[in-house]
């Protein structure tokens, strides 16, 4: 079992792991381990499971636990595993958190509850969460208002960082959010607040810009993890233009995957075509691809292939 | 075990059952059975468990199953039990549905998934749900847009009634929604659509008006179920004014309980004061009452007591 | 022209004034002056025009200005007039503000722009607004998240009060919001923040409770302003029970008017029946009453009449 | 004055026109005419003014009218002008519509009112709108749920097309929305519904895919209109790959401009740098660019320039 612990130094690419199902909708643990190997083979630094794009809320708790333990056992410490545990009830959240950490997870990813409309509500929610988790469990804060309808100000985020040592990362996917990255970095410096890791989410749509503004990598799903890995590596090696050239070669697909809801069906189809999972099935309620969607994707993929060849 | 089956003739009061916890937040099954007896003693026709006001999403699945089986066993067929099974994933929904029906539930309560913005999306969602459930499981449609952000038009509701025999009830809690009750009744008649049961939700805030417009009773929580029961009984006995006089005597509390989120803490406190449950605990994230809130409630309750005495 | 200026001592009832139209939808200035006299005759302390329930956004600017100047001239200083100037553009807001104050308004009512999701965004918005208005124009802050989707924390409200002297009032209509009244009062005291006026909105649905928690009156529409006036008067005279008895007698109508959107059509119909305006017309898009709605209202009104007689 | 009339054959690029202000926020009519010439010079087919990205709601009606008449006079029939007239009140909408058509506009752009949650509500709203406009005014339907929170199903759109001859265009900016384009085209054919023009909105983010699925062009803002024009031209000439190559060269900027709210500040800054307008000012409330934002934009622009050179 793993001994990684997520901390403020986290960097690189934590891929948001899809959850594979069979064509008939059963949890497909064979594909899960194959997908994990695929991700590790592509060079990811870590893997985040049971996130929104992992269809976590569509799994029964037994399935979630089964997926979780299978993945953690299969990874066997090769890379750190972060587990998404956001839940409508804090007891449920704490319960999945315990199972995760007991099985060797490196940390948790938690988004604010839905529809928290003020800084106070955000703050109180996370006080309750951290209180339920205890202070030894590392947490990545998922800031994704398009989905949660809860916006997090830089002020309240830094207040939480100041008060809770276990908050070690910002998974940044506010939109627009480039200015927020800069503000978190600047205000941390000015106020002497502990520097946390920031990883870019949002499908990586603005990854080059975010790297230039101070994020440490990406925590997002994309069907070509090797692109994310290489973009982050090049950027850190100072090859900023080369990083962005590579990113731009894939941008048509990044953008295509970025369609809310529908994008997950596309991502799973690409993973399927690449041999990483047996079926592109998305559980209900979820999108399915038409013949037109398939042809369109084929065309986009071949164009990106050409782009990459020509780099 | 029960043999009731929810059908279109359902009428009276189906109380939305609170889920009792201990002060420390553990599921309190002793209080659960006491609360069930309290409800039955007050004359309810049926009981709906694991609804939104039953904090269903804050239970682990094991807790939900434990609560469900305890309640169904304890009720032992005295009244029909409806189980709320709304879930972000249709597989999860179907799984809880199976457990419920296998244990003797009379039917299910299901709301549309969150944020479905067109008639087509509502329609397709319920096609998937009914497909997953099969055609033998009676369903009450929870129409509660304030919470789900999914509005259901009369047109699409009647289309679903026409196509799916297992859809036997509308739990009506759109707001404003008085006109909708009238429209469902009128358009059903005009179009020859099967007449389903309509039970009023929304804390009963407009119950007298809804009864006069053709609802068959209430499916809602209120800490004085005997009022709901008697109002529906009087109305059906033709004593419309007397029904409304009784309702109005309680209206200050009905309105007080109708505060979103906060109302549940008030309801549980009243149930606690009435001896129906051991603790008024609401699980996190949830409201707690301040001393001012307690005093205010005490005052409101004593005024309502007086109102009722003076009727 | 008037010389009132809204300030922190504002108390009593500022009625939210409906905007009368003819049956064909023309602005009806004759009814406007009749309605103003009706309100003053019922004892209101002040009048707020061009609010959300005044269908402000459905008027052309010329109509708004014409309504505004007619009302201010007709009132002729008998009571203070507050003008709702919320607008998607701050320049527009400032322009209507100037016209209002130049014509003798006592102050402005302003809600945060729609969908501001953090304290910082609320704060920055009002900094821009106050900057555009200058420091001599008294402002009532309309806190109505159900409509604006912008929640205001007590913290940010008190920060604005501290920094901007012209912010003299909170029109309180958050829901649930009873705790907020108490918090504003307590935190003001604890932090030595200037005490502002708080007037209850939200149709007055919780007026007795809000008075007991420290609001200074009501700023809301209700078709029986005399009830609001007398409830506030009795409360301030220490006759708390009597105040609440009177309120409860009207509560069935208060609740009936509280239906979002639809309630305005009911309110205008009651004002029409009471002879205050010539037509109950609501401009498109807006609700109209069916025969059933009319009968239901008639019944509710006669019951309230009886309630009041029996007090 | 112009004699164009928008009809179902509309195709090509209708650019969404920015509204220029001076640095101090005054309406800048000199820049307006310069900008119009810039757009026409870049080959646009038509121009849409007073849309959401034209900050229409931040203009006073006098400013809107002044901008409108200035633009229409200056264009002098060279290209058709569509005017955005969406408004919270239908009377206001009709009033601006009349001014627009009287001054030579080719048609109107209208979005559903905010927050209409069912097909029935959408349908009734547009019945009221078309009733107010009369049947001689051509209308483009703006389908932009991310902003309006009103989703339009294909069913209700085709019903409106069937019933109202003046509905001649769909400005398509639902997201995800590629499937919708295909559905509108397919269902129109199957049901024998009149074929309307569909122009892609949403900043053009999926323009190549939309063209391949049957849109007739674009109605959107982008600071390089010549790209949109050429992509549509190439596509129609059958040079699909070349069209997409050109598009992809600009995609990093298309994506950058696509940041909600913030994107408008970027777009105006680019237009300013290109000499089309005197100031990049966005009216309050609105975004401003930091030094970091400026540098980032400079870098992105120079990269796109290189991309285009290398095509």
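We call the chains A, B, C and D, going by the order they appear; numbering starts again at 1 in every chain.
As a working rule, contacts are C-beta pairs under 8 Å (C-beta built on N, C-alpha and C of every residue); 3 or more make two chains touch, one makes a residue touch a chain.
Keep in mind that this is a model prediction, so the values were computed, not measured.
Among the remaining chains, those touching subunit A and also subunit B are C, D. Residue numbering shows that subunit C and subunit D use the same positions for more than half of their mutual interface.
The best fit of Cα atoms from subunit B onto subunit D calls for a rotation angle of 180°, in steps of 5.
Of the two interfaces, A-C and A-D, the higher number of touching C-beta pairs belongs to A-D. For this pair, subunit A with subunit C, the centres built from the Cα atoms lie 46 Å apart.
Per-chain CA centroids place subunit C at a distance of 37 Å from subunit D. Averaging C-alpha coordinates per chain places the centre of subunit A 34 Å away from that of subunit D. Looking at subunit D, one finds that none of its residues touch two or more other chains. With chains as nodes and touching pairs as edges, the resulting graph is complete, every pair of chains being joined.
Those residues of subunit D that touch subunit A in the shared complex are 175-176, 178-179, 182, 205-206, 209, 212-213, 241, 244, 248, 251-252, 255-256, 259-263, 290, 292-293, 296, 300, 303, 307. On the subunit C side of its complex with subunit D, the touching residues are 25, 55, 57-62, 87-92, 95, 113, 124-125, 128, 132, 283-285. Of all residues in subunit C, only 117-121, 145, 149-156 touch subunit A in the complex they form.
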